[in-house]
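Alright, structures below, take your time with them.
Two complexes, one shared chain (subunit A), two partners (subunit B, subunit C).
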Partner chain A sequence: MSRVWLPCGDYHQRYTEDQGWWQTNVIKGKMIFLLLIVFVVFPLILDEYWIGVANMVGYTALGALGVQLLIGYAGLITLGHAAFIAVGAYTSTLLILKFPWPEFILNLGLAYPISILVAAIVAGLWSVLFGLPSARVKGFYLILTTMAAQFITVDFILTQYVSKIGGRGQAFSLPPGTIKIGPWAMETDLQVYFVMITLLTLTIIMMANLLRSRVGRAWIAIRDNDIAAETLGINIIWYKLLNFFVAGFIGGIAGAFWVCNCAALSPEHFPWFLSLWLVGVILIGGAGIDGAIFGSIFMVVIMELLQMASIPLGEHYPRILFDFAFIKEMAFGLAICAFLIYEPRGLSYRWWQIKNYFNLWPFSY
Partner chain B sequence: MGVENLEITEDLTIPQLFLHQCKRYGRRKVAMREKEFGIWLPYTWQDYLDNVKYLCLGMVSLGLKKGDKVAMIGDNRPEGVWAEMAAMCAGAIPVWLFQDCMMEEVKYIIDHSDSKFFVGETQEEVDKALAIMPDCPKLEHVIWDDPKGMRRYQQEFLHSIIKVQELGRELDKKEPDFFEKIINEGKGDDICLLFYTSGTTALPKGALLTHWNMLSMGRNLMAVDPCYDTDDFVSYLPFAWIGEQMMSISCGLQIGYTLNFPEEPETAQHNIREVGPHVMFAAPRLYEGLTRQVQVKYLDSTWIKRKAYEVATKIGYYVAELKFKKKPVPWHWKALKYFAHIIMQKKLKDHLGMSRLRHCYTGGAAMGPDHFRFFHALGVNLKQIYGQTEIAGISVVHRDGDIKFDTVGTPLPETEVKITEDGEILSKSPSVFIGYYKNDEATAKTLKDRWLFSGDTGFIDEDGHLVVFDRSKDVMILNDERPFAPQYLESRLKFSPYVQDAWVIGDKRPYVTAVMCIDYSVVGKWADENRINYTSYPELSQSPKIYDLIQAQIEQANNDLPEPARIRKFVNLFKAFDADDDELTRTSKLRRGFMGDRYKDIVEALYKDEDNVPLDMTITYEDGRTQRIKTDIRIQEAGSGK
Partner chain C sequence: MELFFMTLTTGIMVGGIYALVALGWVLIFKCSGVLNLAMGELTLIGAYVTLSFYSMGVPFVLSILCTLIIGIVLGILIERIFLDKLIGEPILAVIMVTVGLSFFLKGLVGFIWGTDTRVFEPAIFSLKPFTIGFLKISIVYFWSFVLAIVLFLVFVAFFKYTRWGLSMQATADDETAALSLGVSARFVYAASWAIAFMAAGVGGALLGNINGVNISIGYLGLLVLPAVVLGGLNSVPGAIVGGLTIGILQNFAGTYLDGFFPGGVKEIFPFAFMAVFLLFKPYGLWGWIKIERM
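The block that comes next holds the complex of A and B.
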């Protein structure tokens, strides 16, 4: 069965057609329209502030995609994803700052792009290391082992040792001009936006391709019933570790992007709360790649709106501004509760229902 | 395209045409698709040729000779068409049986047709064949296709299609030219099909059709409504029905369109929607079912959707009415029609699988004007067809833009239709059959001087349209000499989604009454929503609230009827009419005479001052088991509804 609603007269003779990217011209049109919006229209109409917000959405989405891959596609519940983002960020930063790059690579502005790739691979391998327990444990116990990844990586290794490299205390800063892609040094938010949207698009393409291939089907089989999957001949340990690798890989990309967005780096950027936050994003977003994207947009934009609302309130109740971090966490908790009760299948399910409303027109089923 | 389309001549046979088309399209074009495991598996014309060739040669090596009969039974699958074509190629004569035929019918047809081979699809059909083997000594070989459950069958006369094809390959190695040689031996006036008609009376008769009959019929139909080789057609109605043969073989082979076979009979509706055929031919029952489905879904949908549906339907009806009256459609109505198309009809046609449909036909039984209007309001080009098995399916059809729903249209090219003094419809065309198999008496009665005596009565109206009008079925007279039209009333009643079937009674009676069969799924759903408990069809049908529901439907139909035609009393039958109980023909026509006898008690009670009928009768299941039913049926009165 094809995954999309096919109009009458559109049928498939091969399974590859069932898994096609653009199965109908309408879908193709919609996707081209969407790409035009994000690559052309947004950069033209959004001001600096909202471009900054969009960058945060992109960062959250890159993180959430990795979590979606683990939780949503392989059933490997993780509460330590921030560790892999951190590994990516630190790998990229250290490569840019410390690696003796040959002159021509620096001139061509390839150091940062190469560092993104290396960061992704290192984060992926790091993720596999902490994925090893998944061969033995699952469910609740796996959550604990992933949390171990968080504390070992961020609170111990990064804070105690890595961030002290160079002797500048806690934070790295990347001087202007060190992050260069080709001839462009990353100076404005708009440039960062283009990096973000390119990385996000490529990541989505990679992930979607994986999910519609043998690998993706194996993951989904493991998620649905690991014993049945094993009986079908799927090497579940191999595929689980592969899932950890790809999730870490995507996390590494997110981390490397973070460097370019922030131009500074500290272990405080990757608290355990970030891991939890990303799980919240996909809980609210719902299943699928679109779920991760919807969730990121919702969470980041809602928090921004909350912040905007709190500024006028702050004139009368100054504590609101002081304690905004706590209000934010409270709102996050409330949002999760509300979603679990009223929209347990997330925003992507709502989106599906909206599409169905029109697909089934003029009927209801 | 390289090779030209072959001209249809009197010398051409179906196998010769088949060979020509296979060579013409080869591997470049898909001849048929079957939905299996979720995708539409394609078979090219080359695959089609190979399968038919080896199957044909295999059957020949098993002893199939020219003129032998091959009985076939099974769902619509590529293998069915292959077997039919293979038999034809060998010069043998295929005989199709309905899948739901009772054992007695199967035995009668196989014995009467002198079938030597039997091709069945699954274990079920093989079991049928094994059961009748002792009574049919002429039956020699049984071929099956689906291996499920066949492992332990060891009889020597049982063969799988694959094994037969292997035998064919061996023969082909020995004599590579043999296949083409036997095909070229065929002549256009050879018999190509033996068709047992589903008579409303007596035993089935076997009509003999020649290659020229079949091919000329397809050619003449497509002269009226051209098809193209890029078209899709869904083959899902029984092959034992002439209408399916006509579309799949006569037209399909000539023009080379793609046949699509559904996954299972139960999924046909869904599969039709996927394929979106360009041409469709079905009995009125299917269209009635679609209408009912739309009405029910409309009732269940949300307010905005219902309003959109209502507005678009009103516009559609108005424009369709103008077209029926052959009046020009003013530009603002055209604009409104386009609007209706956008907001509703486009999507609705998509749901029904009719968005690519160029023309679709209904035939085999009468269809009510309400249903006709419904489809034309949607913008579906639905036409009536008239014909018999004896004339290879079709002789009369509606032309585009000239549709009158009380007629069946005008004759096809090369076809003459005339009416005798008694009102009987006679037709003459190259497609008229050559006689009944082993029944000279019936042949003499039906076929006189190449004119086909249909047994139907009718007249030709002022526009040259044929109106099939049977005094015995279409008009009845109350005992005070006032006429009413039972079939028309029935089709009106069936327009209600809650009514699956209706039987209107009243001939030589003081007033009109009806026996109603509720639609189990629709009424069942209604009952669920209204918190009415029920466990089965009989119980549901007898519930007082359901009686009231059906009464409301009848009263609505009564509304715009003249006083004598209004239905005064009705009963809800405890079961739906079924062909297995001989209440319907296999093509779903009511057998009034039989029903009159079977439900004598009900009919009598309807005209007495009674509220209840005690009933005691037997019903038959598809496997031949019978069950005795004793029950009470309530009689309820219906008003005019105003």
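The block that comes next holds the complex of A and C.
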């Protein structure tokens, strides 16, 4: 479904063109235009506040991409993705703060980039550990194991043990200037924005390429009918675990990115709510990579608008300001219910319809 | 040895409440196939409603009755508004609607009642424990257990001997056959939600007597999941056994394992147990094993 119908008169002559990275020159132009907008135009026109919002969108999108890979492409429903994001964040932080880096790496500012990679791999392996039951169970039982992953990882291991390393209470503080990429220390939101957009672009490229390879087709086959996939000679356990690994890998990248966006890291950044939030994001966004992106933009921006609206309202009803967290929860819950009941195919389906309308115009039959 | 038996009795008493809530969960699953993650919020609402009635001066038993009535109304409303439209949808959609529901209800409870811990004032049960032999049993625990068992028996009798209960059993067994015999499936779904809401509400009210009422009572709704997995998702006796087992295991973990793994081992142990249990016996003790064919 995510595949766009070609404009009238355009058709493929070889099978490789079907799997092409950019189907037509127009699409290639549009994508380069999009990259220009996010890399050049947004940093120039957005003010500090909206850059901060954009960073939240990027963080949500990185998390949601992992969830999309599990739920949307392999049918492995997860309600514990925040655990893997947390593992990534903690691995990266511990590496930056505690690891005895050689002097030249610190001088070159490579510590943080290396820690992102290590964090992603560790989170991926951690995710495989909790994906092991997927060899035997699926559906609701798998949901329960991923929930167990969330509680065991965040509420027990991270809160009770990892946070206490160094004995400074619950949170690891990351003083300004600790996190450096090359010569730049991450201090302003704009620098964080560039880290975010680079990581997001690389992740999307990696994921999109995986999905149009043998691996991605195997995942989709498993999602559609795992027994049929097995009879076709797909090693479903291997591919399911690989899916968990890649999803955890992306989650680890999200976590490591979160480190440079915050001044202190604590387990409270990764509650169960975050896991459910990410699933909600992809349900609202719909299928495909663009679904995860649309969902993150929609949810984060809606919540920001809600917050902005609550300030003038709060002058008349001060309770709204105090209880904003509850209003946010209620809005999120209602949004999920409403989308699932009335718009079950999500935002990306509407986008697909709009695109096709213009692609096929004027002969849309 | 004394410690062992004390832990065991506390576990059984708390397990009684878990079993009651697990019964509600299994009921919804059996009758309508909905995997409900909003159970914790149902208990939360039950606890707060009982508390509100009680602090208005209504006697405790009467306020429990009022909670039951409000539970019926809310259960039917929720089923009609949200879940009626989702029958037959994929599992993720149904689960996420209950998750959305749980957020909505949790936000609502927080908005109406706030986050402070409240206690039943004046206390309903005296704090002095009574003694059987060398066992000291807290009165709150004892009466909660008794009430849970009584309600449980009432529910079982309802299923065995009343017309509505029998039609619910029939629907759970074979929906098409039940429909052809003139059972209204929509009625059964609504009734199962109403009963689940009642069971959860009373469970929440009882738990609120033990620890005070605050938002963390909703955690009970998550603890129910290990219990039902242990017993098998669609087995009523399984829910009871599972609830009791989880109560006992949780208290043993708190007593004996806390020395080795300091911190929240008591809260985490049921989930760790569940994750390992699923690896070996994914369909629980008495659940139906689903055989899949192409």
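Rule of thumb we're sticking to: the second predicted complex is superposed on the first by the 350 of 365 C-alpha atoms of A that agree within 3 Å, B and C clash if a C-alpha of one lies under 4 Å from a C-alpha of the other, contacts with A are read in each partner's own complex, and residues count from 1 in each chain.
Following the convention adopted for this analysis, a residue touches a chain if its C-beta (ideal position, glycine included) is under 8 Å from a C-beta of that chain, and two chains touch if they have at least 3 such contacts.
It should be emphasised that the depicted structure is a prediction, and the values quoted were computed from it without experimental measurement.
*Asks:* In the superposed arrangement, which partner chain does A:K328 touch: subunit B (first), subunit C (second), both, or neither?
*Replies:* A:K328 sits against subunit C, while subunit B stays out of touch.
*Asks:* Once the structures are superposed on A, label A:H316 by its partner contacts, choosing first (subunit B), second (subunit C), both or neither.
*Replies:* neither
*Asks:* Looking at subunit A, does subunit B or subunit C touch a larger number of its residues?
*Replies:* C
*Asks:* Where does A:R14 make contact in the superposed view: on subunit B (first), on subunit C (second), on both, or on neither?
*Replies:* A:R14 contacts subunit B only, not subunit C.
*Asks:* If we overlay the two complexes on their shared chain A, which of subunit B and subunit C does A:W361 touch? Say first, second, both or neither.
*Replies:* It touches subunit B, and subunit C stays clear.
*Asks:* For A:L132, is the partner it touches subunit B (first), subunit C (second), both, or none of the two (neither)?
*Replies:* A:L132: touches subunit C, not subunit B.
*Asks:* With the two complexes superposed on chain A, say which partner A:L276 touches: subunit B (first), subunit C (second), both, or neither.
*Replies:* The second partner, subunit C, only.
*Asks:* After overlaying the two complexes on chain A, where does the subunit B footprint on subunit A coincide with the subunit C footprint?
*Replies:* No residue sits in both footprints.
*Asks:* List the residues on subunit A that touch subunit C in their complex, please.
*Replies:* 71, 77, 79, 130, 132-133, 136-137, 139-141, 143-145, 147-149, 151-152, 155-156, 159-161, 225, 227-228, 231, 276, 279-280, 283, 323, 325-337, 340-341, 344
*Asks:* Touching residues of subunit A toward subunit B in the complex: what are they?
*Replies:* Of all residues in subunit A, those touching subunit B are 1, 6-15, 17-18, 360-365.
*Asks:* Within the complex, which stretch of subunit C touches subunit A?
*Replies:* Residues of subunit C touching subunit A: 35, 82, 85-86, 89, 91-93, 95-97, 99-108, 110-111, 222, 225-226, 229, 233, 261-265, 267-268, 271-272, 274-275, 278-279, 282, 292-294.
*Asks:* Which of the residues in subunit B end up touching subunit A in this complex?
*Replies:* Touching subunit A from subunit B are residues 30, 33, 38-42, 232, 273-276, 297-298, 300-302, 305-306, 308-309, 312, 344, 347-356.
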